[in-house]
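Sending over a structure as structure tokens; questions will come in a sec.
Going in written order, the chains are labelled A, B, C, D, E, F, G, H, I, J, K and L, and every chain counts its residues from 1.
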């Protein structure tokens, strides 16, 4: 399967820029969903229940967006790669600690990780402005949701 | 957080046996969910739609069981670990190829992977028979579902 | 199609024991579902409405379990057989009379039939204890439901 | 219970003609539902999933109509008979083979069986034209659905 | 509003026959719904709950059909009349007694009333065979449902 | 069934006052529901659709309240009477004209009828203030809904 | 694909008559659905909202029936044709004007168009009386719904 | 926690009267819910199914009201007490017998118990008339529902 | 529109008293809904999520009641006024601070505001006791809900 | 709380531009929701019901967008202000008259108000084009919905 | 009713062992449900809302299991006893304090109580291993859920 | 109706550019929906069921977008035209063949048609970039969905 079985609505250079943005976003979002689940299972502290539930909303958003991003890659004629090894090797997210974590530490870690994801996705919104408005629109939608959740996590630190 | 914040209903030796079974199952199932999503996004061929949909049923089952298994680990006083690196390093599943895959190749790979997961979980059903009947019951439920799906994938090869 | 297209997670002897238990249970349950429908259509008497509705709950349970049992047969690499002739020839259930039946006679017949099915399934729970814990778990679930319904039918005779 | 406990809105001769049409249809439809389930459980081949799902739509239609037909028999003062032995002895449908069947063979068998059922029901639409328009209307509804499904099964052979 | 504001798809003589059938059916069905509610509120006896619930299914069917019938009258260019006085003056149904009624008496009364309604509607099915097939089809549907419920009420007397 | 099979939580004199209020309300509300349906079927004019839909909301409210009122009568040990003849003979509502009615005439008639029902129910709220607070509370709830709908009908006349 | 891949339950001459009725109905109904949408988008006037909503109910009915009719064509072994050009060339409906239309003009146009469709379908009910009762039953169902909606549109002109 | 953490909208004397009414009602209703479940599990006899289902409606009503009452106690600044010992010691309800009970005996016992609860709640409606109209309104709502169910239980004894 | 287009079921003096109570309640509740939304958006602190969610339940209750109150005003023939300026000028509620607020400060402010609203509505329950029982019943329902929520907010301060 | 507890993904100057756009939009939308509710409660005339319902769709859209806008403000690190006084003082919308309003006057007022809101939001779409694409995307979504509703209100004036 | 009206699928000695396990579990679970409700109503403190909600999940689980356990008792031919006095006298759970309780104290009490219930149910899982696998399976399911909830309560203390 | 009854938020030149883009898109999408239905009804071959179902997803998307596009035309003050003749005369899509089509031919045709629609819509995304961002956003959303479905159709050809 040397040649792509899926044609692209984009010209070659635009496709390459867009493909890179999508693949990197895919990996970040899968990592985000795994980290959020890890945090969901390992949080302890007096705010356990609230943080536990809120993390599942983050998992849910992240998982939904991985599908959108991977499907968008296909739509521009590119094979997405979201395997465990790919994520472990190429994710741009900070590492999450092993073992149970206090609720305050959990919140602090999620705040940092979301800041990092948002920064990376915002850069790709700029990169795709010329290459593919459809992909840019998807990245804007993802940024909107993550920035909203970022506020909610920060609000707990005030 | 040196000491476990969660007590165990099991005695120490039973807890260790059970914990190992659960942690290994958790990693296998997260890997299975990532592989099934990878296959879901990358399958091509005349049976694309059918295989694409069926893979999401596998993702859904695998994701649901990861929650059950990780929560069971907590219930016996053990912190579960489901991070990308942990999965990449310790999963017992065969690797899944990069890039688009023909539907027949996809089916063949899933059949092999499911066979491997089932074999590993069946071994843990035996191991937990003495250590924790509640955990064993969960592993039996997982085996039942995966063996059912295994039949459905094999049926397509006949 | 001389050879099975579906592999078994069980070793040959366990597979044979388990297969027999499943095939016999499948036939009993299909017969039970047909008898319960026959009774549902033919009951008369002052308790008609109540018995008519309760019989459909029995049909519904029986039908659901036939699917579980037949799928489990496939999952262990065995072809299930649930055709009318197979049921007529091999069912272990007492015969149900033709024509309309009074509600009291209907209740008495269902109580007897359920007692017989339960006894047969309990024997198979013992038989599969060594051969396949996954199948045993399914048989336990079926027994639990039928024994619950058996109480409810008997309660009407008190 | 020698005499019918249910009066008939039909005169005796019409009742007899209609009763025969309904009882024969009931048996055909129960047999159809059992055959479709048998096929659902035993189909193998590259189109397994699609055929497996489509067969359950046939089961669902057939089961729904058996209720309609048996209840209509009661409504005209006749006791319906849908027991396994009655079905095995009096069904007008071709036999379905034992064991797993290839998807193409499954489709071919279902196409033949549906053709046979439709032919038999169409004859009864003619027979009941004089005896009972309400029953005829039900048979027309059944024919409409089965002929629609018949097209869909044939379409796969083209 | 001397002239009809609604045109008719029927020629004048067919319209008249059909209109009479519809208006008479409307009155019968409104009366049936009021009687069934009266019975629903006034039934007593050991079968109270079952009969009370079953009567509401009859109310529900009767009410639904009054709408169908009145709308059909409009559709053929005829104004329907369903006022209390019209019903009291022109209904063809037997009277229902005042005050609480034993469950057995309630059942007997409903059986008689349904027999009368069915007989009257069957006559109109014949009358409309020439005048309007669309109306006839609606009357057949009503007869089918009422005859089914008639069986269920009679079944309680056996 | 000379004696009431249902005891009353009220003393005899209170029961009589309350019973009269409930029986009169029951008749008014059944008549209201029949008139609203009559209007629903017979309205014509440029506002047909809006008035047609709004009338069904009135039917729905009136029908729901007839059940509440009749059940309340039973709860205080009184048999409710809601038969067509009773309604035709004892309803306190103005008569509704036969035949199709213009939308403006329909609205005007409903406004008048609602005014009359509300006036009658308000009188009964006063009468039951001493005899039964539970019944009074139900009458208040009915008045609240009818007065709200009264406003909406009047608003169309402004 | 010279020969039909779908067999017919009808004999050749009946099939031809029925096929013509179905193909002509299909085209009429697709045209009706496009006209109703056109009107839905282009209506203006004080009754805008009511007419706008009512038109979507017509679209919804028309679309549902196109599926029923096209599937029925297949069921009798005939390929249906519902392409834009076929509709533009062979529809029997009056033309609908371009541009925004006042609500009164919109209502008048829909009343005329429905009258025309109903007349054409009624003719086909007669034609199929001998050729195929199943198809006739479908046409009766379509007529019933369109005649009901026709009344509602006319009611607004009164 | 010597002082109440919740302020009261009532003045002290009104609060005391109201608090007593609520606490006594809470205990009665919890006892009612436990008795109704006990009866639900232990009823036998030919009316088993009907009584079994009806008892769960009583449980459901009683449970819902316990929440309303306990929350109302909090709303007036009083801690509610619904523990098993409190219920066993202070309930005003007649005792319910151990062991299976015939359906007629079950009905008789429930009729008596409901009569007792209603009598007690009616007394509290009077008591709270001066102390708190909001609480009185809740007690009226509870009385309305229990008196309705009381009728339905008595109706079975007629 | 000098004269009221809506008649009143109340006599003039009762109408005036009731109208004042309703208009004042309307303004209070709109202000409450705006304050609760302001708090919902501006709360920060470790209890952010819980308070954020709880505030939306308050918004939802307040919004629902504004509709009930404004519709009740219409029902007694009075035009309700709920514009921003009216609320800003005539609300009886304490002011809510600008900017983000800590969760503890948020809770304290809501507790105070609810106390004030409840006090004002309780006064109006007394005022309407003579003028309109239907309005009083609505105010009792509002007080019941707000007092319940008041407890829940206070409970967090203990 | 002098410093913002929420970081911004925007640089300071972009944040200021965006914050102004969001705060002004928030106030406009809250005012729009209050005006639409005022109109919803005070409309009279022959089109009352249609306009009354349509206004609630406007309320619903406006309320939903206020949440989106206020949450977006938080997401860029800015505290939103939606209190009654803020709205009364800073809204850019024309005033809405007191008292009941005829339906035509209501429609005219809403058409003008929507025109004004749309004009103001379109200006902010331009302003945020450089400062924040995520906010711009939200404003585009709001404009799309309001312009659609604007058409529907205008359509009634044609 | 000296003799049991329900037969047992178990032999006498197994029935006795199983019956004891079920009756003791029933009492424990009813007590757990009452304690959890008591705590739900009486918790105060900054975590009020979260603990209040979480307690209702415990109530819901406990209530569901009481039904399963009581029905299982019947299914093995034993009458269950769940009356208030039985619970007060024979429950094995620690007592819960009267009056409002701080959230931390509430959590601590629930953690202790759950530990005690789990310990008791685990003992019964061992006891029923020989006597009845169906009952054992139910006890395993109960333990699984309670141990999961136990973790969640402990997690708040870390 | 010479002048537009709907004002435009756009200046004249922008309105013209945008109007052309919307009208052309409307026609393309209606044609797409008719072609997809035609294909849905006429596909045959071993993949019939899968392709048949997938085509309905395309119909559903296309129909939804036609509403969005036509409503957007109105929102900018332009009357949309979606009549059969307009579609037949001005659609930019390749023609679809008459008669039954093999599944492979069906897939090939849909792949080509989608490629053509996407190309045309992408051109309009560029054209509206200056004239109307709201319209552009809608076209981007349409392209996103069609490009996703395009991938899925191509994937079946690999």
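Just so it is clear, contacts are C-beta pairs under 8 Å (C-beta built on N, C-alpha and C of every residue); 3 or more make two chains touch, one makes a residue touch a chain.
A quick note: this is a predicted structure, and the numbers were derived from the prediction, not measured.
Enquirer: In terms of residue numbering, is the interface formed by subunit F and subunit I classified as same (over half shared) or different (under half shared)?
Expert: different
Enquirer: Averaging only over C-alpha atoms, locate the centres of subunit E and subunit G and give their separation in whole Å.
Expert: Centres of subunit E and subunit G (C-alpha means) sit 31 Å apart.
Enquirer: Would you kindly tell me how far, in whole Å, the mean C-alpha position of subunit L lies from that of subunit C?
Expert: Subunit C and subunit L have C-alpha centres separated by 53 Å.
Enquirer: Provide the C-alpha centroid distance between subunit B and subunit D, rounded to the nearest whole angstrom.
Expert: Centre separation, subunit B to subunit D: 42 Å.
Enquirer: Would you mind listing the residues of subunit H that make contact with two or more other chains?
Expert: 1, 5-6, 44, 47, 50, 71, 74, 100, 102, 137, 155, 157-158
Enquirer: By the document's touch definition, which label belongs to this structure's chain graph: line, ring, star, complete, or other?
Expert: The chain contacts form none of line, ring, star or complete graph.
Enquirer: Taking the top-of-page definition of touch, could you list the pairs of chains it picks out?
Expert: According to the stated criterion, the contacting chain pairs are A-B, A-I, A-J, A-K, A-L, B-C, B-D, B-K, B-L, C-D, C-E, C-H, C-K, D-E, D-G, D-L, E-F, E-G, E-H, F-G, F-H, F-I, F-J, G-J, G-L, H-I, H-K, I-J, I-K, J-L.
Enquirer: Where on subunit K does subunit H make contact in their complex?
Expert: Of all residues in subunit K, those touching subunit H are 1, 4-6, 30-31, 34-35, 37-38, 41-42, 44, 66, 70-71, 73-74, 79-85, 87-89, 91, 95-96, 98-102.
Enquirer: Which part of subunit I faces subunit H closely enough to touch in the complex?
Expert: It is residues 115, 118-119, 122, 125, 137, 140-141, 143-144, 147-148, 150-151, 154-155, 157-158 of subunit I that touch subunit H.
Enquirer: Please name which positions on subunit I make contact with subunit K in the complex.
Expert: It is residues 47, 50, 53-54, 104, 152, 155-158 of subunit I that touch subunit K.
Enquirer: Touching residues of subunit E toward subunit G in the complex: what are they?
Expert: Per the touch definition, subunit E meets subunit G at residues 1, 5-7, 9, 71-72, 74-77, 133-134, 137-138.
Enquirer: Taking the touch rule as given, give the residues of subunit J at its contact with subunit F in the complex, in rising order.
Expert: These residues of subunit J touch subunit F: 43-50, 52, 100, 102.
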